[in-house]
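We call the chains A, B, C and D, going by the order they appear; numbering starts again at 1 in every chain.
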Amino acid sequence: MAEEINSPAPPPPPEGEKKPAAEDRVAASTAPAKPAAPAKSEGPVPVPWTSPLVEKYRSQYGSGLDALTYLGQNYLTVDRSLIPDILRLLRDEEQFDYCVDITAVHYPKREKQFDVLWNLYSFPRNERVRVKTQIADGASIPSSVSIWPTANWLEREVYDMFGIKFDGHPDLKRILLPDGWKGHPLRKDYSILQQDNEWVQINLGIESGQ
Amino acid sequence: MPNFIMSYLNSKDAITPGAAGSQFWALIYVFVIFTGVSVAVMAMNWLERKALAHFQIRLGPMRVGPHGLLQPIADAIKLMLKEDIIPAEADQFVFWVAPMIGLLAAFAVYTVIPFGPSQAVSDMNIGILFMLGVSSLGVLGIVVAGWASNSHYPLIGALRSSAQMVSYEVAMGLAVVSAILMTSMNASGTGTLSMIGFVRAQQEQGVWFIFKFFPLGLIAFVIFAIAMVAETNRAPFDMAEAESELTAGYHTEYSGLRWSLFMLAEYAAMIAVSSIAVTLWLGGWMRPFPNLLNARTWDFIFSLFPALTFFGLAAIGIVGVVRMSSHSFFRIQRIGLAVFAAVLGFIALLLLVIAVAGRSADANVAASSASRFREGIDYVYWFVLKVAVFMYLFIWYRATWPRYRFDRLMRVGWKVLLPISLGVLIVTAIVGVIVS
Amino acid sequence: MNPGLNPGMVRDMAPVATPFFFYLLAGLAVAGGVLVITRRNAVHSALALIVTLLAVAGLYLMLFAPFVAGVQIIVYAGGIMVLFLFVIMLVNIERSSKDRRFNRMWPVGLAAACALLALFVSAFVKGKALFPDRMMSLPESSNTQQIATMLYGEAGKMGPYTFAFEIASLLLLVAILGAVIMTKKKI
Amino acid sequence: MNARANDRTDDHISDSTNDVANRAPSNLDLDAPATPYLDSNELIINMGPQHPATHGVLRVILKLDGEKVLGTECVIGYLHRGVEKIAENRTYTMFNPYVDRMDYVAAVSNGLGYCEAVEKLMNVEAPARAKYIRVILTELNRIASHQLWLGTHALDIGAMTPLFYTFRDREEILKIFEKYCGARLTTHAFRIGGCQYETYAGFEKEVKNFLTYVAPKIDEYEELLTTNRIWLERTKNVGVISGADCIALGVTGPVLRASGVKWDLRKAQPYAAYSEFDFEIPVGTNGDTYDRYLVRMAEMRQSLRIIEQAVNRIPEGPIMAKVPKVIKPPVGEIYHSIEAPKGELGYFIVSDGTTQPYRLRVRPPSFVNLQALDRMVRGLLVADVIAVIGTIDIVLGEVDR
């Protein structure tokens, strides 16, 4: 993306305009006991992203959609209810024909704990966009396998790592971890030690687990 | 006993022990050939690893003995001492018997291979038929091994191998038939199936069959040469093993001695089919130009070749000694290689003496046993040399070519080789009728 | 042509053609045959059949018919049995080994066996009278040529079996075409 | 076929093969399995995780009819080390060496992607000289990766010899790496903000020597294979995939380009100093294994071109931008991707303003490309599965992370 290389650093922002990630920053349970540093005042901030595309969708879907640009990278924050439609429209009308990646971020302190992200690219436009939605723990989200077949494994990985269920996925099961694995490791509340301890307790009979 | 031996050696007709009805000599020959083939397989093993390594800018075995010369022996010991594992779910008896079938088939063939006019166990009237028949039994060992392992990869390997061998045998047989036709292109118009008969026919007609009715003989030979690679499951037709596809194909579940029997059978079969090719198309035991350069001097010059070859090998050994690092670590290796070179040189000297003695005997009218011995060495030498060329080709193929795909292989067998060999057969027959 | 092919050879071969070898080979053939029908495992049956075929090839050799022996090995032991094994490996052996054997056909089999036994006994009693006088006791060396003249005839003259041979080959051709048409729906 | 097939895997297969209806877009109509030839049972075999040709611990469950592949299912994760979880527990600097362990045959590319992503997040830019060093090493690594691919791919197809030729020449590249940063495989060559090491004395000369050394060697590989009839038969029209299918399946890198899509991140969205070099994007036409082979061979030559230009024009100057000792990017998120030898390698980093990434997602090209295996091998033979696994060029360290 040519424009992002030269994107100038915007002036320091007021605290309130921080993107959601900042608000929900947590001292993750797994992180070493380093106090969560306060958000630095310098650094770029997301600015509203204006483009015909955004205008069109905003008029269509209204408040369910928010468009921002951060460091020259555009993203749409959309309501969960709009997810399959927006993605399909992006592919069919806006030529975002390549689903680069699907992933999720866990914010345990938030009410809707998960951000699910679709990272899209358009070959004709040579442009990237991220689509982001928030869902609660235990909620499911429509699968996009029928839009991009590549979503198959990517969604399986998200399911494997975060436990987010994708409705309509043809074969939603663990992909990287064994079928009998407990828990979803990329959740912030998943302790690495817990897995080890259990194994040691069961197989080696050491109570302390270490 | 000495009288018995001398009487056989001195008998006027050079005939094989089988034809002479001499069971004692037949047993001796069987023993010598069995030992010789086993040693040849070991040598081939070493040679393949070395030659392949040098194709691939590696050194190959270098540790066991000088330049890895003792590697085959070390391998053999290792394989014999290895635990003999029979998978629990395998069909025990069949699993046990499968390598034997392959080995028996591979070695039974050697009874009719003529290393010289009398240097064969027996000269069967149906020699070539026997060879093709018995060598086709070898596939039974592979098929049965694949089945008995009760595992998927061996099963697929066995299926591939059986389909492959059955289809290539057809083209191979037709190519052989055109060579059989050529044996009948003589005054009496009768051909032969005897292996010795083939060479004699080439001798009488004054041409190796590879050059007969050029290019018909050549085409038939090439078809045979392709089919024989497929028949022995060697690269690029090693579909039955195909280690990158089927891990090890039919012998995936085999280990230790049983596995080594398969290897022994494979290499023995390679030598056997090469012997067929040499006998049928390349004049068997005959030295180059036996009819053209037939003066006694030429005879003598060609009889020096075995000695020269061994001198050459000894010289290579000496070069190796000289080039080897003088570090004390290599001292034993240096000594070993020097001894090896000395032995080679000694053999060369021996051969030289025999050649010279045989020549002086030639002056006498009556052929002495010395000259017969010298001739025997010549025959075996030229035969082995020609077979060695094929052995080298086998290695060369393996180093150069990717593996064929199974369906392509079958297509080549049935749609290319078979029609061509049929065509060659028909054209040979027509040309033969016209010429005679 | 070949100094090895002298008439004395036949005499020299004689030691091999002894009753001992005959009974050995015949016994092997019969034992193999019994195993073929009694083994539950089809692959074992096939292996037993190979033993039988090879033993029969040995018997041919003893009759100074090396060509027939060679063809027996190539065609039956080498070719047909490989195809047999090929097919056996493809079918479901587990199931077939559990099937009842000789189901309801054993009276027929018994009758056939009795008839065969009767035939053998009568042949044994009557001796050579049953067979044509002219035995083909040909020297080993020219056996192949004799077969050739029988099948193809000599120069300008049809052999006794030329017509039958040609008919048989035509029949085989038809069989091949039939097999191709039956297995391949679309050629 | 042999009835002892374990039927445990049967439902896995049917699951993944019956999703035809769900794969709506483009022309991904996976034809239904053909009616079995004769009435033999289907054979299910397990290829891997211990198999000589699956390039590591990939396990492919194959459903076969005779030798014909009716369906496949990849079972991965045997090498899963939880790289993304590790990232959340390490500082940005500490995590840098971990990325080398993903695609361990192209460690330099991984490092480049990671460092640039973090730099972008911090809004710093590496100095020009550092960028040039990065380009040289990354392109050398691309050649090394392609050489390793060629050797193993040819070995899978049965040609043993190219393996040793490519390893001989790859050795020269590794020597340069070793001299530059002390490591041959997991190089950890770059730092956030530039490069830690200045080039050693004679670096440029050695790289130039390597260029003149390796160019004829690439011809040598081609001599062995490009016009080899068996090679052609084994690779032409094997594992064909169209450009549209590639895009739908997210396949990138040489596989995509061999299908005729002229797309290379080095040109499309230039990073490092790639916009300053003159090179071409080789594309194929048929999207078969042979085209992928040709594309990678051409890419090696293009990489040589890039290296040559970079070495000749390498600027003087600092090699490290001004970055704080403790790397603490501002709150935000960034996605940065580079053209790794295997395809688009992306890093998505969410920062919460601390010294550790809040979330670090790796978009691994091998993982996504491997998904196309099933699409590419249906209806082919077992031998082709091997060829196609090789031609996708996966590294299990990256697939499983």
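As a convention for this text, contacts are C-beta pairs under 8 Å (C-beta built on N, C-alpha and C of every residue); 3 or more make two chains touch, one makes a residue touch a chain.
The structure displayed is predicted, hence computed values, not measured ones.
Comparing the centres of all chains, each the average of its CA atoms, the largest separation from chain D belongs to C. If each chain is reduced to the average of its C-alpha atoms, the one that sits nearest the average of all protein C-alpha atoms is D. Separation between the centroids of chain A and chain C, computed from CA atoms only, is 76 Å. Separation between the centroids of chain C and chain D, computed from CA atoms only, is 61 Å. With centres set at the average Cα position, the gap from chain B to chain C is 31 Å. Taking the mean of the C-alpha atoms as each chain's centre, chain A and chain B sit 67 Å apart.
Touching of two or more other chains is recorded for residues 1-2, 4 of chain D.
Among the residues of chain C, those touching two or more other chains are numbered 89-90.
Residues of chain A in contact with two or more other chains: none. Within the complex formed with chain B, the chain D residues making contact are 1-2, 4-5, 43, 45-46, 51-53, 66-67, 154-161, 163-165, 168, 224-225, 228, 230-231, 233-234, 381-384, 386. If you check the complex, the residues on chain B that touch chain C are 13-16, 19-21, 91, 93-94, 97, 123-126, 129-130, 132-134, 136-137, 139-140, 143-144, 146-148, 155, 158-159, 162-163, 165-166, 169, 188, 190, 192-194, 196-197, 200, 204.
Of all residues in chain C, only 1-6, 9, 12-13, 15, 41, 43-44, 47, 50, 66-67, 69-71, 73-74, 77-79, 81-83, 85-86, 89-90, 140-141, 143-145 touch chain B in the complex they form. The touching residues of chain B, counted against chain D in their complex, run 52, 55-58, 89, 150, 152-153, 155-156, 159-160, 235-236, 238-239, 242-247, 398-408. Contact residues on chain D toward chain A in their complex (touch as defined above): 15-16, 18-19, 22-25, 28, 76-77, 80, 82, 84-85, 88-89, 120-121, 123, 247-251, 261, 263, 268-271, 328-335, 337, 344, 346, 348, 350-356, 358-359, 361, 363, 367-368, 370-371, 400-401.
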